[in-house]
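Below are structures written as structure tokens.
Look at the two complexes coming up: chain A is in both, with chain B in one and chain C in the other.
On to the complex of A and B.
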């Protein structure tokens, strides 16, 4: 064994050590970024589990006095967040109805005409839209819907404000997904004499459905926790409201209301826990759908 | 794919069905109000009672006094709510004649955090000294002179105030401006102020939380927050020279003086002998002419009925349970008189 191989062996060991060190550091840092989620979950579960019972899901929010009596007697606060759950479902559902078709159509256009001048402008505008602060959208909802159309605070106005918010994420995820679908698929359909619109609706869109759907669900979970736009548009309601032209409650609005009432502090944690759980579920659904409907080429 | 289409159709069908309920509004189904957060616990309570008794949904959104006034100005609510009455300039800016109906009384208290929870007495001079940063230690000679029986620690005073615009700040600064020329000159009266000293915290819960977590802190909060969280509050020397502890009785007593016909009156620094000096009415504000923005007669009648009920004995007896003070009889009578002036298309609703 001569000296040069000894040196290279030593170098190799040094490199392997560096490699290992770097890998472990990456693993550690990746783990570190998931720590906040677990801390949040831990905190919410620790403080919020007390209030979670069956009535939490079908009763409306308690008032100060019910809460005060319960807190002084060290009991569970009666009532739940049913008005918020129903409101959130209706408002987010309406917003999705507005934003999903528009977003998918826009995304399809961008994917089909990725180099066009007009497409460039549209893409730029959609990116700009993504940066509009949520409170500004609330003001827009107030000016566009609350004052002239419903003549008062309404769930509909909240839906419109939130739909604008979820639009960009749907557009971009649709565009990116459709771009990844091979052209040969489309060409095959067209060469068999299938009209263009049928090719798009029956071949291209279904092939990308998993990507599009996960974009949609991410958009929904993005808006489900928004409070600022709803304060200016939906206002909140103590009763379960299914009329979209009337004020409506939502879970984030309830959390804000609980925050303002010293007796209802315990409810903040439970409502937050439920909201987080709802959004985690949506995300997991998106993952499951993406896995199940993935098309192999 | 079939499943997905079915799901989509179901979602659309359900949403369309729920959205069809909104047509035809001859009969009032919902009464909407928005405004002050200060009386919100009281309003939430009584409006819930009203809804279950009369089957009419009353929706109240706590978006702040300023928001309540703006909502009424934009004619998008049946009533607004505010802790500060509209001055003549603001009244002139509104599209119609606005009426003020006082609904209950609340107090702003000086709450503090000191070891051993001593019961402190404060004079207006001490209030000025502490909140303007002239007195910086709890064992300052000026404080011990007023509280000779209490051993005060050698601890720095941390003033806590609101960082957001608020009716509570307005009531507090209105009082301070009345008792201190320096305050009036330097800080003034308003919903958000340039504070000479102290920490800002958001909302009454924020201030209450900061006080309970900071030893040596003092701040002003709505009385219901201090009572609900059991934070010690100072007795204040009123105009008559008596030290008054904030309570339902002493707050109610502050409104015993003369009340003008339109009920727009500031109660701070009251001359009532047993009145707590930082008390205030909180008002509902409505248009005198109820025919605005396509409102039906029924909507107007239901609104007035609701407000009549709020100032009536059924609702008033709930005030004390949530730490507010009921309207004294004279004030309730004035409020009724104001309400009787309401019209619909020029005709009285009485």
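On to the complex of A and C.
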């Protein structure tokens, strides 16, 4: 064996070693990223399960005194997060009522006019809206609704802020889904003499329903956990409030309140566990819908 | 008017409405910021004063602009090795099967955890570690927030990357393999040059995310209104300042906070625009 083959053998070994090291490092780092998720889940379940019982869902959050007495007596803190659950349902529900129709119609418009000038502008604006920080939307909700319309913090202002947040994801998912539906479907309906709007609403939209629906659910799951915009708009409330012009609580707001009150610390974990459970369920539902009824032609 | 026409107007009207919403946001922030802009002018951007004392009121955004940029850039640096590994793992090394679909779900779920829960976890699980390591006596600060931010932006930083990596033409890779390249060499000489701009665009969009994050940072950064002197120092970001002080603010302080909101809007707008621009060049 001459020296040149020895050298090239050594070099080959070096290259192969480098390749192996890189692969192992890659796998290690990729899976290390999943550690925080399990640590968070573990922590929430470990510290949160004790508080979750039936009264957790129908009683309002306790005040500091009640909680302090319970903690000193070594009892489970009384009360629940009913005011947060009702508030979240109302605020997120109203935000959805504003954002879903507008988002779907706008998504249809963009899918139908993929090359128009104005459509390009709208697409650009939707992209920009997607990047607006949630706290800025809180400021907007405050200036638009809290000051002039309801004259004080209100659930309505929170809904408006959150609806702007969920709008872009609905527009984009509708557009992407409708673009995947072949033109022949539309042409078939039109050639049978079905008017354009009926073709769009009765033929094209239903065939893309799975993609649109999963986009909508993802949009809802994204805003359900938002805290910052609600701090500037809905503010929070100790009682169950169904009046949308009054301050309202929401689960993320309650977590923030519990965090700031040392007596209520135990409640943080159960409220967070419940919120996370809610969001994970929404995420999984969206995924299941997208997978089960995938648009296929 | 027949329903056909109504439908067409409805479609265009939705686009007009969205443009109006965006214009409304910009004008609202602009009008709201006018009083403090009249008072401080451009000095607002480079002044480090944040003094709410009646009669000697003076507000400047510099500490918060610095705090925002330092935390988010540090978060991006910290997230890079992990996000890059995930991109390569899902885009090249293991595309199908149970393991990558597990990793994909984990990344999706990480994106779903609310900011306030990340903040809690940072406060109760990460802060004690920082104190034990002796990095900061209270465990708060820029470094602590950056670590949490880094975990939060992993999904955004990795998703676009794995997409563009999986789109690198197979023939290019096969050509490199047939010349005797190892997988690492293919990654280095074929995949990174080909997918690089897409991966980079993903990081820019993740940076935009980090700049706007509010709750987790508010709970962990320590809320100091001075210019931070190092990465273990306490600080404040534009978003967390608004979250902390907007509630009880009025007068000049209120308009100053709106102006900071406007600055935040402009900075995230520029960062996101750059990201989209790079993506567009890629697809062209």
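Quick note on the criterion: the second predicted complex is superposed on the first by the 255 of 297 C-alpha atoms of A that agree within 3 Å, B and C clash if a C-alpha of one lies under 4 Å from a C-alpha of the other, contacts with A are read in each partner's own complex, and residues count from 1 in each chain.
The rule is short, and it goes like this: a residue touches a chain if its C-beta (ideal position, glycine included) is under 8 Å from a C-beta of that chain, and two chains touch if they have at least 3 such contacts.
A quick note: this is a predicted structure, and the numbers were derived from the prediction, not measured.
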* Where does A:231 make contact in the superposed view: on chain B (first), on chain C (second), on both, or on neither? -> both
* Kindly classify A:33 by the partners it touches after superposition: chain B alone (first), chain C alone (second), both, or neither? => second
* To do: Based on the superposed arrangement, let me know which partner A:187 touches: chain B (first), chain C (second), both, or neither?
  => neither
* Per-residue touch tally on chain A - higher for chain B or for chain C -> C
* Tell me which partner A:118 touches in the superposition: chain B (first), chain C (second), both or neither. => second
* Check whether A:259 is in contact with chain B, with chain C, with both or with neither, and answer first, second, both or neither. => both
* **First, second, both or neither for A:75, with chain B first and chain C second** => neither
* chain B versus chain C as contact partner of A:243, first or second or both or neither -> first
* **chain C-contacting residues of chain A that also contact chain B** => 231-232, 235, 259
* To do: Going by the contact rule at the top, pick out the chain B residues touching chain A in the complex.
  => 1, 4, 11-12, 14-15, 18-19, 21-22, 29-30, 32, 34, 37, 40-42, 44-45, 47-48, 51, 57-63, 71, 74-77, 203-205, 208, 224-225, 228-229, 293-294, 318, 321-322
* Structure fact -> Touching chain B in the complex, chain A uses residues 63-65, 68, 90, 93-94, 97, 146-147, 151-153, 156, 206, 209, 231-232, 235-239, 241-247, 257, 259-263, 265
* Asked: Which positions of chain A touch chain C when the two form their complex?
  -> 15-16, 18-19, 22-23, 25-34, 36-37, 39-40, 43-44, 102, 105-106, 108-110, 112, 118-119, 121-122, 125-140, 142-144, 164, 167, 171, 195-197, 200-201, 221-222, 224-228, 231-232, 235, 252, 255-256, 259, 268, 272, 275-276, 279-280, 283, 287
* Asked: Within the complex, which stretch of chain C touches chain A?
  -> 3-4, 6-8, 10-12, 14-15, 17-19, 21-22, 24-25, 28-29, 32, 81-83, 85-86, 88-89, 93, 103, 106-110, 112-121, 123-125, 151, 154, 182-185, 187, 205, 208, 211-215, 218-219, 239, 242-243, 246-247, 257-258, 261, 264-265, 268-269, 271-273, 276
